[in-house]
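Input: a single structure, listed below in structure tokens.
Chains here go by letter, A, B, C and D, matching the order in which they are written, and residues are numbered from 1 within each.
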Amino acid sequence: MSEDQIKNLEAQFEARIARDEKIEPKDWMPEKYRQTHIRQISQHAHSEIVGMLPEGNWITRAPSLRRKVALLAKVQDEAGHGLYLYSACETLGVSREELYDQLHTGKAKYSSIFNYPTITWADIGAIGWLVDGAAIINQVPLCNTSFGPYARAMIRVCKEESFHQRQGYEIMMTLANGTPEQKEMAQDALNRWWWPSLMMFGPTDAESVHTAQSMKWKLKRKTNDELRQQFVDQTVPQAELIGLTIPDDDLKWNDKRKSYDFGPIDWDEFWQVVKGHGPMNKERMNARVSAWENGEWVRDAAVAYADKQKEYKSKQAV
Amino acid sequence: MEKKDLYNYILGIADNPLILGQRLGELCGHGPSLETDIACTNIALDLFGQTRSYFQYAAKIKGENATEDSIAFLRTEREYTNVLLVEQPNTDFAFTITRQFLFDVYHYLFLEQLQKSKDVNLSAIAHKAIKEVSYHQRFSSDWIKRLGDGTDESKKRMQNAVNDLWRYTDELFHTTESDEAMIAEGIGVDVKKLKNIYYSRINKILEDARLEIPESKWFQKGGKHGLHTEYMGYILSEMQYMQRTYPNMTW
Amino acid sequence: MEKKDLYNYILGIADNPLILGQRLGELCGHGPSLETDIACTNIALDLFGQTRSYFQYAAKIKGENATEDSIAFLRTEREYTNVLLVEQPNTDFAFTITRQFLFDVYHYLFLEQLQKSKDVNLSAIAHKAIKEVSYHQRFSSDWIKRLGDGTDESKKRMQNAVNDLWRYTDELFHTTESDEAMIAEGIGVDVKKLKNIYYSRINKILEDARLEIPESKWFQKGGKHGLHTEYMGYILSEMQYMQRTYPNMTW
Amino acid sequence: MSEDQIKNLEAQFEARIARDEKIEPKDWMPEKYRQTHIRQISQHAHSEIVGMLPEGNWITRAPSLRRKVALLAKVQDEAGHGLYLYSACETLGVSREELYDQLHTGKAKYSSIFNYPTITWADIGAIGWLVDGAAIINQVPLCNTSFGPYARAMIRVCKEESFHQRQGYEIMMTLANGTPEQKEMAQDALNRWWWPSLMMFGPTDAESVHTAQSMKWKLKRKTNDELRQQFVDQTVPQAELIGLTIPDDDLKWNDKRKSYDFGPIDWDEFWQVVKGHGPMNKERMNARVSAWENGEWVRDAAVAYADKQKEYKSKQAV
């Protein structure tokens, strides 16, 4: 193709996106669009898979059968999200094995929030309430993103996430209305998860890369700081409602902005975790890599068996 | 009819899905593939769902403020009456899937009969559960074949797991005094009668999987009388942690 | 002087031997040789002995029917203030011995200073403990050299363990508010001042063992404020099992 | 050597034993004496090592610090016993590696009692009281056995075992005097450990092999049934003293014999366990073999390091 032809295709492509048409896997797309989507969707899929670990940590110790079932179901949902996000990614011409390999070798990122440990049962509530809450704010706009398979996956993901978020909040409410020990447990979890949740929206706009391009492709509709503000404004009243205190002395209602002002984020901590030195980065990767390596013989056997069956059937057909 | 016998009978049923679900729960996020991870979690969900139905019923029978959670979390080790099979560890996926298979085939046969129980609650639970267990059985049987007739490595691992777990199968067909009392009432399932069909089904699938059927006639028992392997204490110390550490609270 | 600061200070010392002893206790009967098994059990015994001395003293300070056992077994996870290093798992003998070594060198330096504490009880405990720890330090240092400079396999494993556990060393030299209060009183040890000599000793032995000294400047912390790794919950669920399940009994 | 010479040596050897002289490793001894002693001493050593496992199972869960320390010390003592018993055995010209190999391949036996699980804390008391109690009765006569290294090892072992036995009994007493749950726990442990303890004395005299020869060599001074009777007569009053009931309906004082009559032993169970099918045979062997295999690189490294040091020193000496 000549450069002109490509420019023409690109112009048509951008026009389709501008008209809110969906781009489908078989459609022509610029290589950068493909690569950006592979990166973002796989990162999102990896986050779901790694995100199973901190919550999975409490399945055997959930305090009631009802909570145990709900937690199992939630972690299963995350595996499901991972599954259809990987599938969406595969439509862009990359295999799941490659994607796993990128995760296991540290080439691909996943959401840094999952590098914090779940120390008490209340952390399960806090993750649902805050982490899923932040995730939804990040993700709802993606239900209208330009790449069809991603947009459709996100519709399903968001519906389930919002259920998880309500469930997490309900765990926190139960604790906050419980005994003093339970309330303390809830407050402690909020203290520990609040700031990492704010970091989930990424660096401040000043330092954020990719934003302009992502806006055009509808991978982003608001800036990191706008989304972060939305999260704060939404969450502060929820905390108040159940009598928990946001661990931020600078937090106060700004009547002019009709929004909450909040204190500075510890970006050193953010970068430490992003760079792989958070409290649980090593453990999370070890867990994923071990699962993958220990499962190799199982996957190999499944392939070998399927091959034998095919052979057997083709022999029968003769 | 002795209320205590019915209560014990229900626990004898429900402790199996409880402890097996607990074992499967340990694996969540650590499976050999996303698909098996989801499937095993799904089975765990079904098993805990069944456990809740049984324990809710048992709690009603017991009265005295008993709840599904007090029954699940606040007994001592000697009071759990699950079979030894379900408490065996997730040594590798061969053990996990063999344990599942050896239990599922029994579980299905058992629920088939429990549907006919004179106790309408148990019959109703069985009626719902058997649909789930029919899926479990299909899933684990398929994997037995896949891994038994997969690679040399997988065959070796599977044979090892089958040989190891075989000794826990006989106990499935033992009965306690409460079991016998409930059988006499037309409430309980006479598991002794399921033994032949169980082994013929198991053997059929092992043969399909090109695995050898163990010849050992030595079996282990004790679970139904609360005599567990040394694994059980560790399962309980995790499972009961929250309820023991923070007693009398609502979660 | 605040009684609470002294109490917290003692716990901050004693939770380390408690949890490290617990980790070593898991290994008993599973070591690479009878001799190492006996030595590790011996270290565990010393550590629990020290723990008891500290907790008996802490119980007296606390009053309110506190005992060495209520302090050891009946706190919640957030109330244990051991460093993260000691709770790390027995991944293999390289991890076990490296964890021991990284703690022993600190422990010895710490006790040297604690002997000079104005608090006669602490000084007396330190005086007795340092003889034991001197042996621990020799034992673990010898093994560091033996395994670091043994085979290719052992070197690889050792380097891996050193690289992994290195991130938990910096925390040894952090102080809490209670620590600072006790330092000001001449009771507590100013661990910040031990950091240079610690790393120079550690580095010397790693060099002797022909192991590389990790360059990473990223460290983990939290233990001293009761923020533990995910391993801690499992340690406690076992350790507290009996006291939680059968409260208020004499054993 | 001629046959006559050997007969002569044998006669002198037997005479020495008859005179209660000790046989030392450097002394001439009949091959059968050597083999029998290797078998018995190594079996005894293996029992100490495997015996660490059921008790080791409760170290992390001991209910108080005092009990935890005592239990650790006890298990350590057993390791120590193993160590000097292996050493005694090595004086007979067999290496520790060979002995381990015999254990790991199932060629060598160890005391069957350790193939039962420790299910509750009370089992730790019961093992000390009953199992160590039975062991002492078996072992005290060995302090005067003919083979010097074995006799000397046994003197030390017996002293420590008798301390363990008192400690175990004290655990049981504390439980028996405790809450109803504790007393029930103690009774339950007695119920489970009583019969296996009686089996520790081996088959009835009618079925026992080796006895005559062992008597001559002072490896045995009383028959299995005599020792078993001694154990019953010693233990029954101890149980009564702390209000626990021996689980044997046939148990009663026989005024004529001045001894307790007791019920029949389930020899089927005995043989099942001896043949490797007890509740924990497989787990015990797995634990030992894993420890050995996982420790291989450590032992190899220690050897390699020692070799390097030797080389280094010899170079310096040049």
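As a convention for this text, a contact is a pair of C-beta atoms (placed from the backbone, for glycine too) under 8 Å apart; a residue touches a chain by one contact, two chains touch by 3 or more.
All figures in this text were calculated on a predicted structure; none of them were measured in a lab.
Participant: Show me the overlap between the contact partners of chain C and those of chain D.
Facilitator: B
Participant: Find the geometric centre of each of chain B and chain D from their Cα atoms only, then give the gap between the two centres in Å, rounded to an integer.
Facilitator: Each chain reduced to its C-alpha mean, chain B and chain D end up 37 Å apart.
Participant: Could you give the separation in Å between the centres of chain A and chain D, each centre being the mean of its C-alpha atoms?
Facilitator: Between these chains, centre-to-centre, one finds 58 Å.
Participant: In angstrom, rounded to a whole number, how far apart do the mean CA points of chain B and chain C lie?
Facilitator: Going by mean C-alpha positions, chain B sits 41 Å from chain C.
Participant: By the touch rule stated above, which residues of chain B touch at least two different other chains?
Facilitator: If we look for residues of chain B contacting two or more partner chains, we find 76, 233, 237-238, 241.
Participant: Could you say which residues in chain D touch two or more other chains, in rising order?
Facilitator: 61, 181
Participant: For each chain, which other chains does it touch, given as pairs?
Facilitator: A-B, A-C, B-C, B-D, C-D
Participant: Mind pulling up the chain A residues that touch chain B in the complex?
Facilitator: For chain A paired with chain B, touching residues are 49, 52-53, 56, 59-69, 72-73, 75-76, 79-80, 82-83, 86, 121, 171, 174-175, 178-179, 181-182, 287, 290-291, 294-302, 304-305, 308.
Participant: Tell me, which parts of chain B touch chain A in their complex?
Facilitator: 22, 25-26, 28-38, 41-42, 44-45, 48-49, 51-52, 55, 68-69, 72-73, 92-93, 145-147, 149-151, 153-154, 157, 238-239, 241-243, 246, 249-251
Participant: Over in the complex, which chain B residues touch chain D? Could you list them?
Facilitator: Chain B residues touching chain D: 76-78, 164, 167, 216, 218, 220, 222, 227-230, 232-233, 237.
Participant: Can you tell me which positions in chain D touch chain B when the two form their complex?
Facilitator: Chain D reaches chain B through residues 54, 57, 61, 117-120, 181, 188, 192, 272, 275, 277, 279-280, 282-283.
Participant: Any idea which chain C residues touch chain B in the complex?
Facilitator: Answer in residue numbers: 76, 233-234, 236-238, 240-241, 244-245.
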